[in-house]
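Before anything else, here is the set of structures, which you'll find just below.
Both complexes below contain chain A, partnered by chain B and then by chain C.
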Partner chain A sequence: MLISIASGKGGTGKTLVATSLACAIKDTYSVELIDCDVEEPNAHIFINPEFTVSEVVETPVPKIDESKCNHCAKCSKACVFNAIAILNESVLTFPDLCHGCGVCAFVCERKAITEVPYRTGLIEKGYAPGIKFKQGKLDIGRAMATPVIKKLKEDAGKEQDVTFIDSPPGTSCSMVEAVDASDLCLLVTESTPFGLNDLELALQTINQLGVPGAVIINRARPEDRRVEQYCQQNQVPILMQIPLDYSIARLYSKGITLALGSPQWRENFRHLFEKTKELVR
Partner chain B sequence: MKEIVVLSGKGGTGKTCIAASFAVLAKNKVMADCDVDAANLNLLLAHEILEEHEFQSGQVARINEASCLSCRLCEQYCRFDAIDNCQVVETRCEGCGLCLLVCPFEAVSMHPNIAGKWFVSNTRYGKFVHARLGIAQGSSGKLVAMVRQKAKDIAGTNSAEYIITDGPPGTGCPAISSLSDADLALLVTEPTLTAHHDLERVAGLCRHFGVSQAVCINKCDLNESNSRSIEKYCEKLNIPVVGRIPVDDSFTRAVEQGIPVVEFTCNSPVKEIEKMWAFLDSRI
Partner chain C sequence: MKIAVSSTGASLNSQIEPRFGRCEQFIIVDPETMRFEVMENPGSIASGGAGITTAQEIARKGAEAVITGHCGPNAHRVLTTAGIDVITGVSGTVQEVVTGYIRGQYTPSVNPNAPEHFGAGAGFKRGKGKGSNL
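The block that comes next holds the complex of A and B.
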């Protein structure tokens, strides 16, 4: 079972929910947690895993064999990402703009282009007690997060009963890559107009992917019920509300996830998982 | 003209509340919201939309069923798994056009991709450029570049002194696009281990692109010892800490009212934002 935890707005509590769920059920199920927020991976702070393996993530970029190249410029014309330019009889490549699509090598009639690996990030794998853990880290200065996320998810959900995916925020390509193909997406939001606005966008995104969703309201405040009303009107189930409480925030600030900091919340997260499981069925 | 971009690495640390407050405090400025996949600054700045434009970015493949003989060559070649059962999965298509090149039956055509919308609005604080990325679209970096360019054009025409840019979370494509060539990145963090971790990555990104930085610690009294470690980190890297804002529920209440927090109240946490702006204004 593949459960992703996402949000439109950042900082709503995705990592808190993902790590608490994993910790709450690890004695009952075999659990895998994958941190797909490769721009800012944080789950490891709460899980303290021991990493045993690390793998470099590379994408293919063009390398030009100048001895074969006749500067016909077919490659630079065909590249829609502007990653190749021909200037004064020499070929310039811009690996940071390259999406690794392979069009340049395909159109080159002189076979002057080979594709060589270009490092974009790192994947680390390891274990915390009862949890198989993986995270990706986009190298600083690299723009494209999706290849790292794609590689992280390659064998997701194959071995364990449950795989949790901690998604990056937003609604664009990296969030889509992280959430795609999950059995259910838990959208974490907060009861503010920002939370509501971004929840609507995130719901539209997962609808487009055909992934069913349910909502968790973090920092819930009874005086602002707009998120609840929106969910009721749109028939999106709300599975949990975590109140605005500074003792929870302080635990979080120290890197202690809620399910480990409070026996009551551990029970609540177990319950949340059972409800999630029912929705997947 | 100076551009200040508000970033954080970690989401939800208070970027938008601070950017909206700067919009009130700075004189003669243009505002830009570069968090195009979850734009929120428009919820705090009452605005009237003057211009609305479609944002076309790249292309997307289509397969004409009538000409397709299901040879699946395109499916084998596509690096993005964007063709499934002889149909294009639009959310995965990057518009590279390899499928068009390999198709022996001319069944593939490429079409312009509408990736979102961008707007120029009037607010009582000045002009405001914002955008909305289309659902599940991938071109956020390009849309960010468009928003910034438009804000620069307007700032040039109006001889504005500042561009105040509300940035996206993260360190990838949209963050890089928001940051490059800015005059100052204000990094908003909070005293949690996660926010500190993310601050170090986004500070690394600023260094990588040679953009000067300053730090604001929001909710600084949530965990005093973490606040001290952030201060120490900043001191070590010679990054000035220009703001320390205590926990205060006026921030949430101002968001609820849809106004910048400096217009909601003038209590002492909010005065910290005014002090921070006065400092930045004098130094930049």
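The block that comes next holds the complex of A and C.
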């Protein structure tokens, strides 16, 4: 079972939910946690895994042999990402924009294009007690997160009973890549007008992917019911509310996730998982 | 000689458009005769790499100088490789800036003056200052 945890914006408590879920059920199920927030992976802080393997992520990008190229610009016209510029006398490629689709090499009649590997990031794999853990890191200065996420998810959900995916925030390509193909997406939000706005966008995105969603409200304030009302109107289940609470924030700031810092919350997260499982069925 | 100016409209009296890659049209002017043509910018509707395709199109038109507001690193690289002078940070009408250029009032910029995705609008990408390392 593949459960992704996402949010319309950063800092809502996505990682808290993902790590707490993993820790709460690890004695009952075999669990895998994949941190796909490759721009700033931080789940490891709460899981403390020992990393045993690391793999470089590379994408194939075009290399143009200028002695064969006649500057016909077919390649640059064919590239929807505009990763190639052909000028009268020179050729420029922009590997940071390249998605590695291979179309440019395919359309080049002069066979001037070969594909060369371009490093975009790193994947690390390891274990914490009861949890198989993976994370990806985008190299500094690189823009393309999707190849790293794709590689992270290669064999996701194949070995373990449950795989949790900590998605990048927002609704960009990298979030789509992380959430795609999951059985359910838990959207973590705050009960503020901003939180609601971002939640709506995130729900639209997962709808388009055909992934069912459920909501967790973090830093819930009883005086603001906007998110609750919205979810009721749109028949999106709210599975948990985590109050705005000083003791929770203090645990988190020490690098202790809720389910490990509090037996009561550990029970709450087990319960959350059972509810999630029912929605998947 | 030809000068390409990013423009908000289709005449010499139009105000300059500060964005380069997302500008809808360029006015390509011959400063000697002040004759011009309007170039629709393919980059304005590109999903990514707008500045690159815009710069390539301008190079293909044979322009020797570009006058605009902000120019990011990728477009800047294409333009300078093509040997085109890049004048940034300029405002006024197309007519005014072309005259200014001919009188030598502007110095071509050696470096880009906008981050990547500058004119792309909100929500395009998680906003975090990422310099290009090209």
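General observations
Following the convention adopted for this analysis, the second predicted complex is superposed on the first by the 279 of 281 C-alpha atoms of A that agree within 3 Å, B and C clash if a C-alpha of one lies under 4 Å from a C-alpha of the other, contacts with A are read in each partner's own complex, and residues count from 1 in each chain.
Just so it is clear, a residue touches a chain if its C-beta (ideal position, glycine included) is under 8 Å from a C-beta of that chain, and two chains touch if they have at least 3 such contacts.
Note that this is a predicted model, so its numbers are computed, not measured.
More chain A residues lie in contact with B than with the other chain of the pair chain B and chain C. In the superposition on chain A, A:S172 makes contact with both chain B and chain C. When the shared chain is aligned, chain C comes close enough to touch A:N82, but chain B does not.
When the two complexes are overlaid on their common chain A, residue A:N42 makes contact with chain B while staying clear of chain C.
Of the two partner chains placed by the overlay, neither chain B nor chain C lies in contact with A:T257.
Once the two complexes are overlaid on the shared chain, A:L92 sits against chain C while remaining clear of chain B.
In the superposition on chain A, the residues of chain A contacting both chain B and chain C are 10, 39, 80-81, 141, 143, 168-172. Contact residues on chain A toward chain B in their complex (touch as defined above): 8-12, 15, 37-40, 42, 45, 78, 80-81, 99-103, 106-107, 138, 140-146, 168-176, 180, 190, 192-194, 197-198, 201, 204-205, 208-209, 221, 224, 246, 249-250, 252-255.
Here chain B touches chain A in the complex through residues 9-13, 16, 36-38, 40, 43, 58-59, 77, 79-80, 91, 94-98, 101-102, 133, 135-141, 168-177, 190-194, 197-198, 201-202, 204-205, 208-209, 219, 222-223, 226, 247, 252, 255-256, 258, going by the rule given at the top.
Across the complex, chain A is touched by residues 43, 46-50, 52-53, 55-56, 59-60, 74, 77-78, 81-82, 116, 123, 125-126, 128, 130-134 of chain C. Residues 10, 39, 73, 76, 80-83, 85-88, 90, 92, 94, 96-97, 141, 143, 168-172 of chain A are the ones that touch chain C when the two sit in their complex.
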